[in-house]
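Below you'll find the structure, written out as structure tokens, and then a few comments.
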Amino acid sequence: AKKIRWKLAETWPSTLTPLASPPAKLAAWMKEMSNGEFIIKVEGKEKHKAPLGILDMVKGGQYQMGHSGSYYWKGKDINTVWFCTVPFGMTPSEQYAWFYYGNGKKYMKEVYDKFGVYNYPGGNTGNQMGGWFRKEIKTVDDLKGLKMRIPGLAGEVMAKLGVNVTNIPAGELYTALDRGTIDALEWVGPGMDIKMGFYKVAKYYYTGWHEPASEMQFLVNKKAFDKLPKKYQTMLEVGMKAAAMDMYIENFAASVDAWQKIKKEHPEIQVKTFPLPVLKALKKAADEVYDEYAAKNPKFKEIRDDYFSYMKKARQWSMMSQYYYLQTSKELGITK
Amino acid sequence: MIGLLMFLAALILLVVGYPVAFTFGAVSIYFGALAALFELLPDGGVTLVDWWDEFLSMFSMMPFRIYSIMTNKILMAVPLFIFMGIVLQKSELAERLLESMGTLFGKVRGGLAISTVLIGALLAASTGVVGASVVAMGVISLPIMLRHDYDKALSTGTICAAGTLGQIIPPSIVLIVLADVFQLPVGDLFKAAIWPGMALVGVYILYILVVSFLKPSVAPALKPEEGVRYGASVKKALIAIIPPLTLIVLVLGSIFAGIATPTESASLGALGSLILAAIYRKLDYRMVKEASLETVKTTSMVFAILVGATAFSMVFIYSGADEIVENFMTQLPGEKWGFLILTMAIIMFLGFFIDFFEISYIVVPILLPIAQKIGIDPMWFAILIALNLQSSFLTPPFGFSLFYLKGVAPLEVRTTDIYRGVIPFIILQILVLASIVLFPALYGFKG
Amino acid sequence: MLTKLEKVTDRIIDGVGYLTGVLMIWLILNVAWDVMMRYVFHDSSIAMQELEWHTFAVIMLYGTGYALRYNAHVRVDFLYDRLTPRKQAWINILGTIFFLLPLALLVIYGSWEFVMDAYTTHEISEDPGGLPYRWIIKAQIPLAFIFLIFCAFNFMLHNINILRGAEAPLPEPEEEVIE
């Protein structure tokens, strides 16, 4: 039989683990499972040089597959944000439940249909940290005029509270934070932050609220997928799901180790949670942002209602199962 | 194979003398067509339509690549620094700065070239974009060195070398990319690069002193003004140096004080140069107009080369040449010295042809696990590669610095002058590289 | 006739070039303004920051054609310099036909879907308070390459006029990059 040769373009450089891991693993598994009949060539940002063109290129058929993050397409359709993460949204397990067993998958199909691509979860970063701050945030007023790099919806929320949201290219972020050109920035979590070295130049590491479960995505060109024999379609779908799960685990493990290292090297770093009044103000601002989009975009309202009503149910179970167990472990002194 | 033949074709066609940018573009088109054919052949039954579709589909990625260049904010340092350079040149402040610095050297020869290296080092500390510093230096100091009868090769070599210092003296794009590949903190790598960067500055200066001592005609000392004592001219020189030097210090200061990012600081430099020109009553409509039009032309020349080069690398990767390189690299020896010497030699060789970005992401990831197994200090290894990649901007035939400088050089400066000029500096680069390999402790590495 | 046509196209290109020159000054002010607003007033606008690269992009895109008219694109010259002006003119004409035009046409062709994707989805900035209408800046790619083709015709005319002996081969000296 004719070999199937696909190309996959990913938003990241091919060395950027764990984000670059799902495509690499998927490609290796596909090759083995198909006895070398289904080859996926993975091209990182260093090869295609168009990190934010993935959706267009998969749609256009230059690549049969892509690996990226749904919120990069926020400028094309605001509803894409629901398939990545949103401020004060669901945790990874809650969100996966919504995807696969709630209405998530259905909505994702609706939103991505016009782009001519199929879309699949592509790995989760887990709960992201709120960012590295050079100064402590004690009151809502401390946020006014704070120069911070924070993209996406979270940036919009912060801007409502007077934060001076700043765009700085990733390559200049370290220097900018080091010199105080910006006061704060958000990145991912210990596993990925450690490579950027932010812990050397900012003392306060705030816990998250804005990206509780950032899901990456696989994009597949519709025509290419539909042409595949059924067995390869199944293999691919199973492979993507496994690769996504694998990234979630990989990043969790990376953060476990990275945090130990950061704490050891820089014991002065303080992990902080925003004070309750600040969090309340952020939540209020987030709701305002959602309201504004919902007023303009009926689909946004529909998905938002579904998402948060699912979250309400799911959170009860999360609390009963995970929260109280973690609480117990704290009371037993297993963790501080 | 097609990917490798491409370089040969580019080499031959460049000699014809049509603009470099479009020659790169054209080679990629014709070889792209060939690569598309080879891509389809294994499947058999290729029609002309299939071929044409495959070819067009590949080239429809060009807008995405061009868009990436457009949105690369770090590149904005290019027009901003060029503008600053041209205003300083047109208002004769650059001349005053360099000649004054040259005067301070008195009878010691090579003063202008040494001053160029020092200014290059200062610019390097405020940008990490080679195009920006090479072109700015070319505008500022090449005409002055030539007017003072400096040898063309020495002048252009000095400028190219001083301009590429930007890639090793932090901030630097090469270091940022390597930090990413090595998964090392950017800040640590920046710190580790300072001493090797300083060593380069030192070695360049030493070389200029030696060569102008041995061969006085290549870099004559500035003639003292008639009837003015050395002491008086030193005083005059010191006064003249202050304003333009303040400008450069302000640019650097704005970065260190956290006022601006390195790229943004270039705009303060551009604005500052206009203010300085106004103070010296050189500012008028004509000057601003000429400065901005020349900046537009020069920036676009740099942009066009980037566009041509991106088409080239697109076809290179499409044709699978990256895999040939990858396969080759996996067969390296697993013994420390053999491994180090071979990798350095190979990276240097690849640097003749492909750009640092591709080397960093295609070749380095293959080397990393081997280096780790041998127990090579990653920081040390990263700096060795950084220095090596920095040299790739200087190495003919495709070193971008050479093209950039040629683009702003007066007509009498030939490509061959520049090619000849950089050779000694490439050797110096290799010497410094070797010294870091042999004496890591000297630069603070574990080895 | 051809000389006159060249003069007319010269003027159009110079007009576009002049506008990019004005944008260049704007770029400096734009970036400096953003730095000042952030540092002094702790208040910067994402739209203004995005305007930086929009301006930068437009300058380079249209400047590419403008630079062609003034021979500002770098060449490897060790052979070229030794040729007679007629032979140089031939290189320029043939090079433009076989090197420059195919590249420009391919970029224009590929841009159609690129721009339309942005237009039909009403793509806007992905950042809060960023600029809307992404298709406008994306459309500058094909438009600028159409302008480049226009400049390429001007460039060929210039070289044909040299071949006809109707024009001196050297570019106007006062327009050289460095005096």
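Odds and ends about this structure:
Which chain is which? They are A, B and C, in the order written, and residues in each are numbered from 1.
Everything that follows uses one rule, which is that a residue touches a chain if its C-beta (ideal position, glycine included) is under 8 Å from a C-beta of that chain, and two chains touch if they have at least 3 such contacts.
The structure presented is a predicted model; accordingly, all values stated were derived computationally and were not measured.
When the C-beta pairs in contact are tallied for B-C and for A-B, the bigger tally goes to B-C. A comparison of C-alpha centroids places B closest to the centre of the full protein. Mean C-alpha position of chain A lies 38 Å from that of chain C.
Per-chain CA centroids place chain B at a distance of 23 Å from chain C. Separation between the centroids of chain A and chain B, computed from CA atoms only, is 36 Å.
Residues of chain A in contact with two or more other chains: 56, 60, 167, 181.
The multi-chain contact residues of chain B, meaning those touching 2 or more other chains, are 60-61, 64, 67, 71-73, 259-260, 263.
In chain C, the positions touching at least two other chains are 113-114. Across the interface of their complex, chain B is touched by residues 2-3, 13-17, 43-44, 46-53, 56-57, 60-62, 167-169, 171-172, 174-176, 178-181, 194-197, 200-201 of chain A. Residues of chain C that touch chain A in their complex: 38, 42-44, 46, 49-50, 113-114, 117-118, 121-130, 134.
Residues of chain B touching chain C in their complex: 14-23, 25-26, 29, 56, 59-64, 66-67, 69-73, 75-76, 79-80, 83, 89, 139, 142-143, 254, 259-260, 263-264, 266-268, 270-271, 288-289, 292-301, 303-305, 307-308, 311, 397, 403-404, 406-411, 414-416.
In the complex of the two chains, the chain B residues touching chain A come out as 42-43, 57-58, 60-61, 64-65, 67-68, 71-74, 128, 170-171, 173, 176, 179-181, 183-188, 190, 255-263, 310, 313-314, 317, 322, 357-358, 360-362, 365. Residue ranges on chain A touching chain C, taken from their complex, read 56, 59-60, 71-77, 114-115, 144-147, 151-153, 155-156, 159, 164-167, 181.
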